[in-house]
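Can you keep this structure in mind? I'll have questions shortly.
Note that the chains are named A, B, C and D in the order they appear, and that numbering of residues resets to 1 at the start of each chain.
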Amino acid sequence: MIAFVMGILFIIQFFVPHQWSQDMLTWVTKWLSIIGGVTLLVGAGSLIHIHYAKIKRRVAGWGYSGVMFFGLILSLSAGITPALIILFAPAQGNQSFLGIEGINTVPGVEPGGPLDWVFMKMFNPMSATMFSILGFFMASAAFRAFRARSLEATLLLVAAVLIMLGQTPLGGMLWSGIPDIMAWLLAVPNTAAKRAIIFGVVLGSIATSLRIIFGIERSYLGGGKE
Amino acid sequence: MRDEFRYNLTRWIIFILVALALSIPQFIKFGLPWSTTARVVHNIYDKIESLPEGSPVIISSSFDPASAGELKPMELAFVRQCFRKNLRVIGLTIWGVPAVPMMTDIINQVAKEMGKQYGVDYVILPFKPGPVYLTMCQDFYLAYPSDHKDEPTKPMPVFKGIRTLKDIKFLMDFAAGVTIDYWITYGREKAKIDLGLGCTAVMATDYYPYLQSKQLLGLIGGLGAASQYEALVQKPGTATEGMRPQTVVHLLIIALIMVGNLIFIVTKSKRR
Amino acid sequence: MPAIEIIGVWIAAGLTLMMYSFLYKDNPLFKFGEHLYVGITVGYALCYAWFSIVWPDLVKPLYRVIVATTGKSIEPPLERYETWWLVIPLFFSILMLTRFLPRISWLSRWSFAFIMGTGSGMSIPYVVSASLFKQMEPTLRPFIIKGTTTTTTLVDTTSALLILIGVIAVLLYFFFSLEHKGVIGGVARLGIFYMMVAFGAAFGYTIMARESLAIARVQELIKWSSREYYYATIILLVLVAGLLALFEVIRISSRPPTSPKS
Amino acid sequence: MPSRCIGRGEKDKGANELHKTLLLFIITLIFLLSTLPLVAQEPSLILPEEFTAFDTPNDAGKSISLVWKVSSSDCEGVEYIISGSTNPDGPWQEIVRLDATKWFKSDAPQYFGLGTKHKEYHFYEVTNIPGRAETLTNGTPYYFQLAMTNGAITAPSPTTISARSRGNWFDSSKTNILIFVIIFSALIMFFIAAARRNPHLFIRRIPGLDAVEEAIGRATEMGKPILYLTGLYDMSYVPTIAATCILGRVARKVANYDSQIKVPSYDPIVMTVCQEIVREAYLEAGRPDAFKEDNIFFVTTDQFAYVAAVDGIMLRERPAANFYMGYYFAESLLLAETGASVGAIQIAGTDSVTQLPFFIVTCDYTLMGEELYAASAYLSREPLQLGSLKGQDVSKAFILIVLLIGAILSTSGIYFILNLFKTF
């Protein structure tokens, strides 16, 4: 019901240039932003819940859940400690609401702050490494699995090799035509195929949106077949 | 067990080859100049060069450390060009929490280097979830009442004359995800803003249709294009440095594909 | 160089190598790093969500509104967005939090319905405009393009025509209401070729992307192996390798001698 | 200067009569003006006609449009001066000076559409009067005057016109989008309803499904198990639902052939669903005794640990066929690589565009994007899936035809269809 009313309302909103409609858009987008923030909290909460359950039930590998909590507490305390310092600092003048009125941004996130340190020295290297591992696997897959099994796969591999050459200075040095061919491949066949795929994706996503609005698609409510 | 070991052994040998290909060219320096610059990359450079001094430009920095290897060099080069042209730079992100410290780090670094003043020449806004890109089209200061340090935005000189997204002359999104779709779908549709995209190589091909339809003015895709941009701005950085190992690794992978396929063809014909 | 920076680099280098130990095989070092990563991410997001969104956009303005209504003067004066309307997002936020109370968790569905419904409604017309109509427009343009010379005319016209044909062929491939036979089958097959070139391009780019990230990591690791950082990378590399060997020894010695599976 | 100016009038061949009248008008005007003392000797400017003001359409108000007919004395160097006031008697405030060779009504198709006659009118959108408030106020009357100058002389405004701005309730420039949205919604709803009544709406056979049967056949011959993965999403995502639908079909075939199927799951709920589906498939095949619940098991919700575990299974048990259906992330490469190197037949189906190329080069057959949904709808005949697919199909056919006809028409100089799909 809510989905239906809001959905229809905002489809109509698009076509109405009146100030009221513009104001409605402004406010509701702001609300969505706020609710989005709360959803972040909820997401974090459910993850904590899962790992807490693991530890409680001593599931195999529960020790690693402990490691997770260690990380969690580490970064939480890096954020909350500066807040507490502001809270209990005697120098704070305006103590209107619990004294932390002055806090609006994330405490400790400024360069050199504790949260920034945790981010730069722990989060940063790990998340960057996660994806770079694939750089290695790519090479082993190139040797053992990327096969020109069919005409289609051959075409794909040839295009890939061209792009790989053209995206480094070497391509242009080998033959000045490579960058041109690459640009043409991207601008013509690639554009055509991707455009048709976009059409398909757009129609699909509108269909899904419509099903949500009309209440016949409820899987997003979670649990599917609970 | 023996199979598993043999399986892993080939793997490990290849991994060591890759590690060597990645690290040796970092020590042995050899020049690899670009013969041409891709037109799509050049378009963004030209657009910035054509903007009059003091024009406000938004840098939407939508990536976290996972993609920084590719996107950081291009953002550095782009910010450098903006500051050199004395444009007003507004840094923001619609992507997620970890993007803010990355962006702050990058913009501050260049600003410090070029003596730019916070609040006058540039500003950094916090992350807000949800459709801020739409709120911005309506009222910039409702979307961002304060900057990432909680200073109110409206009185800052950097925001002079800006009411909505429509007053921004150019928006460059450095994207590791779908953020550019939001800018194309909402920002461009509603505020008619000119868009440029700097993205990871994984995404690059997906956005060519939008280039042809002029919804995007230009595109910097991946480290190769980033090094081209560094060349345009005439300040070689990590992307240019990275081109040496990149080239060697690409050659290695091409060779591996060829050898692998050769073995494949030979064994297939033997079986027959 | 301050000590905190050196410690930071050692930690960063150690964690990087821990993650890379997955290249050898799945092992406790990697698992440790992975879980630590998840924990830190969650903690960081929590801090950020509260201090940067929920607190300044919802709780604080609402508190100020309440104070203002009780008649007290408030400094600085209320902004335009600080009104009682904020009760609406507050309401949905509270409903969202009912997820943690199993008995009334169904209430959170209202919040989801609100978000999804509004989001869906907003997106439909914009998507039609930006991704459908705007994408159809260039394809609908005349495909004979006059250039300055005959060659450019020829090249541009062929390209435009090839795009038109490609879009139609790929669309036809994903058209499920007709059998792929005869002409339709042929065109659909052409569509496959177009897609293969596009996927090939994506493939080449993806390889480049992954290698670029690896290059960036190696650049950092090399930087950290310098004397300035007390050879962090080199020492830690030896340490990680030693630990992996140790795990291997423990695994082999703790395995029952007559394991049926090996 | 006047000789250049007349050039504009000469273009309109049909307007000869008008031209003459204008010439006469000019002569009269020159005559009249020359009788006045202090006026310059140069030929004068002809003030345009049909100067009107009205609320700018398709907007939220706060703006007024001024439109006037192109004058025969428009040329380079000639400027229009628009002045405004909140009072019919002034004082007048100059708003803007406009180059007379620019600013046409045709520049603003978002307000007036694409008619060719708009080239004959000048247009300017007033959003504020300098020195007054930041924007115009809706509902307040504003007054405007139009003057012309060529630097030497200035022809004053003959008339004063007025208008009030207001917010509009419908943006007519977006009519095409509205129509499309309505028709598309109707199509989807219609086909979902139709599929509920008749679940046998025609969908073509998906060739990938033949490949599936072949793979199962070969696995039976070799006496090795089949591995089936449902992707990394949970049950609330379409690709996972599609993957479980296809699993049902595969499991039935497997039960018939009396071979084994293993489903390592990434999500506990998905695992339960898969168990049910496979159990049912064995029941339908009349072999409930052959069903082994342990073959559908939960591994872990951790991406890389999952990969490591599944790779281990592949290396130990050497399955004859691997199926990768559903949504995958970076792990696709690691899984498919191991599968390919142990020599299994591999069939993939995913709508994850970034992972598709990897599956194509490592698998024997790949269901690409929507084919996955189509295959699932083909097998399950579920009205929601089937109806949406059909509705989208019809829309695709529509786009296809429009593109074909539209491009041909516009190439031959008819822009009707192209203009229908213009957005502003």
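Here, a residue touches a chain if its C-beta (ideal position, glycine included) is under 8 Å from a C-beta of that chain, and two chains touch if they have at least 3 such contacts.
This is a predicted model, so every value here is computed, not measured.
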item	value
Identity of the chain that, by mean CA position, is farthest from subunit B	D
Of A-B and B-D, whichever chain pair has more C-beta contact pairs	A-B
Centre distance in Å when subunit A and subunit B are each reduced to the mean of their C-alpha atoms	16
Rounded Å distance, subunit A centre to subunit D centre (Cα mean)	23
Whole-Å gap separating subunit A and subunit C, where each centre is the average of the chain's CA atoms	4
Multi-chain contact sites of subunit A, meaning residues that touch two or more partners	11, 14-15, 22, 30, 32-37, 39-40, 104-105, 109, 119-120, 123-125, 127-128, 130-132, 134-136, 138, 140, 142, 144-147, 152-153, 156-157, 160-161, 164, 167, 186-187, 190-191, 194-195, 197-201, 203, 206, 208, 210, 220-222
Subunit D residues counted as touching two or more neighbouring chains	174, 177-178, 181, 184, 316, 341, 353-354, 357-358, 360-361, 369-370, 396, 399, 423
Per-residue multi-chain contacts in subunit C, two or more chains	22-23, 25, 31, 34, 41, 44-45, 48-49, 52-53, 56-57, 81, 119, 122-129, 131-132, 134-135, 137, 139, 163-164, 167-168, 171, 174, 195-196, 198-203, 205-208, 211, 213-217
Chain contact graph, described as a line, ring, star, complete graph or other shape	complete
Subunit D contact footprint on subunit A (complex, rising order)	11, 14-22, 131, 134, 137-138, 140-141, 144-147, 149, 152-153, 156-157, 160, 197, 199-201, 203-204, 206-208, 210-211, 214, 216-217, 219-226
Subunit C to subunit B touching residues, read off their complex	23-25, 41, 44-45, 48-49, 52-53, 56-57, 79-81, 119, 122-123, 126-127, 129-131, 134-135, 137-138, 163, 198, 201-202, 205-209, 211-219, 222, 262
Complex contacts: residues of subunit D adjacent to subunit C	174, 176-178, 180-181, 184, 202-205, 302, 304-305, 308-309, 316, 353-354, 356-358, 360-361, 368-371, 374, 389-390, 393-394, 396-397, 399-400, 402-404, 406-407, 410-411, 413, 417-418, 421-423
Touching residues on subunit B, where the partner in the complex is subunit C	1, 8, 12, 15, 18-19, 22-23, 26, 66-70, 72, 97-98, 100, 126-129, 131, 134, 142, 145-146, 150, 184-186, 188-189, 200-202, 204-206, 209-210, 212-215, 221-224, 238, 241-242, 245-246, 249-250, 253
Residue numbers on subunit C that touch subunit A, as the complex places them	4, 8-9, 11-13, 15-16, 19-20, 22-23, 31-58, 60, 63, 67, 75, 81, 85-86, 88-89, 92-93, 96-97, 99-100, 109-128, 131-132, 135, 139, 159, 162-171, 174, 191-201, 203-205, 207-208, 210-211, 213-217, 220
